[in-house]
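Heads up, the next two complexes both have chain A, just with different partners, chain B and then chain C.
Up next, the complex of A and B:
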């Protein structure tokens, strides 16, 4: 059974960059990729599409990433969430993991770093 | 069950087996004893029955004789008959029991004796029963019974004795067997007991030795290790064991039972404490991968709150989960604390040293290919200007207008220093001046300044002076290297320059113009004209040094268009900048800077004056083009859309205007829109 991915980021460039990277043959096949531009959109999409994996920006309009992770951990506990953020301080990462994130990738990231982080998330 | 399993597999295995064997031996011995005691009881009963046979045989013989006498005397015989009946029945019963016991004991000789007794008994028994049939037995029957009783009774007594003897012998054999068995069992039990005691004692002794060795090794480790080590449980409660080094590293005493995070609260910021609490919680969470937390330890390098004035102290905390076993999971943390203050200080010193080295190398490269006299003159002039500014700051009148005038003056001088530094390609000073100009620009935007606003101005002047001091230091080192060469002539000569000096100045200006054009992605050709005219007076030289860079930069930034714009305007892609220094027939000197760029856009200048709020719209509308152009020589007026390092602050022409006044030159500006701009400075003959 193939997996579903939800990419949450207020930057279209980052959303497209991650989505494009899913074609990398080193990654497991993904049959459905959804995109969301903020936390509220992400929550709505997650409830209807039930993604297996989620990449989550932290600084976003409407609902920020931390609040979204907290809600997702309640309503979709099986989903594995990786934070992709330019906020690089340890306190932010620890808060995100405490709230239910399973991985952390700092922006800016290289292609190799993104693939390695996604592999780790999907393992 | 797990406890028993661990016992059977652990160091108590031998002990468990020994105790089990002791128990089995005891049960065996008890069972054997039980069986043998039953036999002894049966033997005793059998001996007893053997003795009874003797008694009953004699009782029967006596009753038969009594009956014989009573019958002969014509007396009643019923009593004797009753005694005969009782005796023969009792004999029958005793004989049957003896036979049963002998059969149960499988005692051959006893069985044989019992059979003999039975065979001797049966005729006498029959004769006795005959006497009981009639109330008055016949004399012949009585005599036959007496005769049989006399003969058989002796034999029966003999056989009964033999039987009793045989039974006693058998009982004796059994008793001996039992004694041997019991002695053997007691001996085995004793041996086992001794084995258990010895084994347990040896085990205990070995355990004591191992425990003592482990305790000694643990103590040695905790005394020797160069880290502060201690344990905390899942709740953060500090354990009893800790390394001696901990007391030297940790600023507070850590008592067993204290809470680690509570102790930490007085040493770190609340944010760090929150992060530490979260981090420890995640470390204890089995579902969070340790790799995810590898780089997130907020206490990996933490500065401790220290009393004011003391050196900052940095500690590094490492946390290693402690597992009690597969079933119990993580039970606590081993905490390792190290004082990394020295490392942090060294790293910072190293970074500072690297930064200094980089800065000095950059300065060195900046000044290496310059004329030492030019650099020295620049340094002296710049320092004099900055000292003058400091004096102006000290003497400023305490009113907003005076503050603004002073800030504007500082702006002008700093801009001038930046221009000279750029002309000499001393990038560090130019960059420092540019940053300072940013700060001053922000101040000038405010129309009402207070005395406090001049503090950053003084600080900025200090930074500029420091930058100049660095160059001084570099030059001093270079001078030390090149001492013999330095002896050849005076350093930083103040004498007026000749044609060679002017030529070098022109070359520098040419390089500056090309560098600015390259920065702005413009194409440029610089032409210089420098006819031979001997020594140049100092005022002119000063303007060449301080003012010419401003004029040239203005021309390249504001005048010369980008290549595409020039193509659209029908011009050659390459802009042209001409710098001329000529001497007139009457001995006057004329400096011209002309470019074939876009000229001065008077309309744009009017708009800028209004938008910047420097003039009211009506006032600007009433001004002639000439007056509008004249405002270019006021501070803060520029046609550039944005500030860059090269131009846009509106200070360049202000500097030139001030220099022209100070050096006694007349300044002329001629400009045709979209065609050219020409600045001319004229010094009358001395």
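Up next, the complex of A and C:
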């Protein structure tokens, strides 16, 4: 079965960084990586491509990450979502998890922290 | 409504945030120098690109990361980005400002509402913040490049 990843972030630089990291041999192989720049795009892509794993920024234009996680939990309940955000306060992390996120990685992150978080997401 | 200016402890949070960004993302520490007040006699030297976060909630003002093209190109290279175009520089300068604001929110609490980053070239200088207190500039050096984090915030008492 092919594993699919959706990377959601309004920064192309961060989207590319996470996508490149997926080539790391410590991570399980991913067959398809999709990219979205905001929550609305993410929902549309998620509905058509049905990703298994999603990394989700929170502060984005159009639809923010929290609203997107809430919708994804309804329409794609099997997807595992990890928040990757600069919002590093505890209340934000707990709220994201209560809405359906499975993990939280704070920006700025090191390569090692990103790999560890992705491994946990995909375990 | 009463607002207070930033104090020493607040400023320290931003200095730590800059250090954390360069150390984590590029594996090379930045030299973060002492913050100073932009009290009218001094004005920030806006770099080639400015990433601006507007804040609201119990706060008013903005957080701006301002850097030269050369620094941002090398940051992009350090994090593995092959393209160093103007668009990528605008993207990364906004993202750095976003990370500074996120760290500030951990310090000030979730009442600090932050906007998505707005990134602008030097030809479009940042608009004046809605804050009335005196802004701080935190200068830093990374590799051979100088940049500034300009924090202009009022905090509701």
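The rule we apply is simple: the second predicted complex is superposed on the first by the 123 of 123 C-alpha atoms of A that agree within 3 Å, B and C clash if a C-alpha of one lies under 4 Å from a C-alpha of the other, contacts with A are read in each partner's own complex, and residues count from 1 in each chain.
Basically, a contact is a pair of C-beta atoms (placed from the backbone, for glycine too) under 8 Å apart; a residue touches a chain by one contact, two chains touch by 3 or more.
This structure is a prediction, so every number in the text was calculated from the model and none was measured.
Could you look at A:107 and tell me whether it touches chain B, chain C, both or neither (first, second, both, neither)?
second
Based on the superposed arrangement, let me know which partner A:91 touches: chain B (first), chain C (second), both, or neither?
So A:91 meets both chain B and chain C here.
Given the superposition on chain A, which partner contacts more residues in chain A: chain B or chain C?
Of the two chains, more chain A residues are contacted by C.
Take the contacts of chain A with chain B and those with chain C, and give the residues found in both.
91
Give the list of chain A residues in touch with chain B in this complex.
Result: residues 90-91, 93-95, 97-98, 102-104 of chain A touch chain B.
Looking at the complex, which residues from chain C come into contact with chain A?
Residues of chain C touching chain A: 20-21, 24-25, 27, 76, 79-81, 87-88, 91-92, 94-95, 98-99, 101-103, 105-106, 109-110, 114-117.
In their complex, what parts of chain B are in touch with chain A?
Answer in residue numbers: 271, 274-275, 278-279, 281-282, 288-289, 292-293, 295-298.
With touch defined as at the start, can you tell me which chain A residues reach chain C in the complex?
Of all residues in chain A, those touching chain C are 10-14, 16-17, 20, 59-61, 85-89, 91-92, 106-110, 113.
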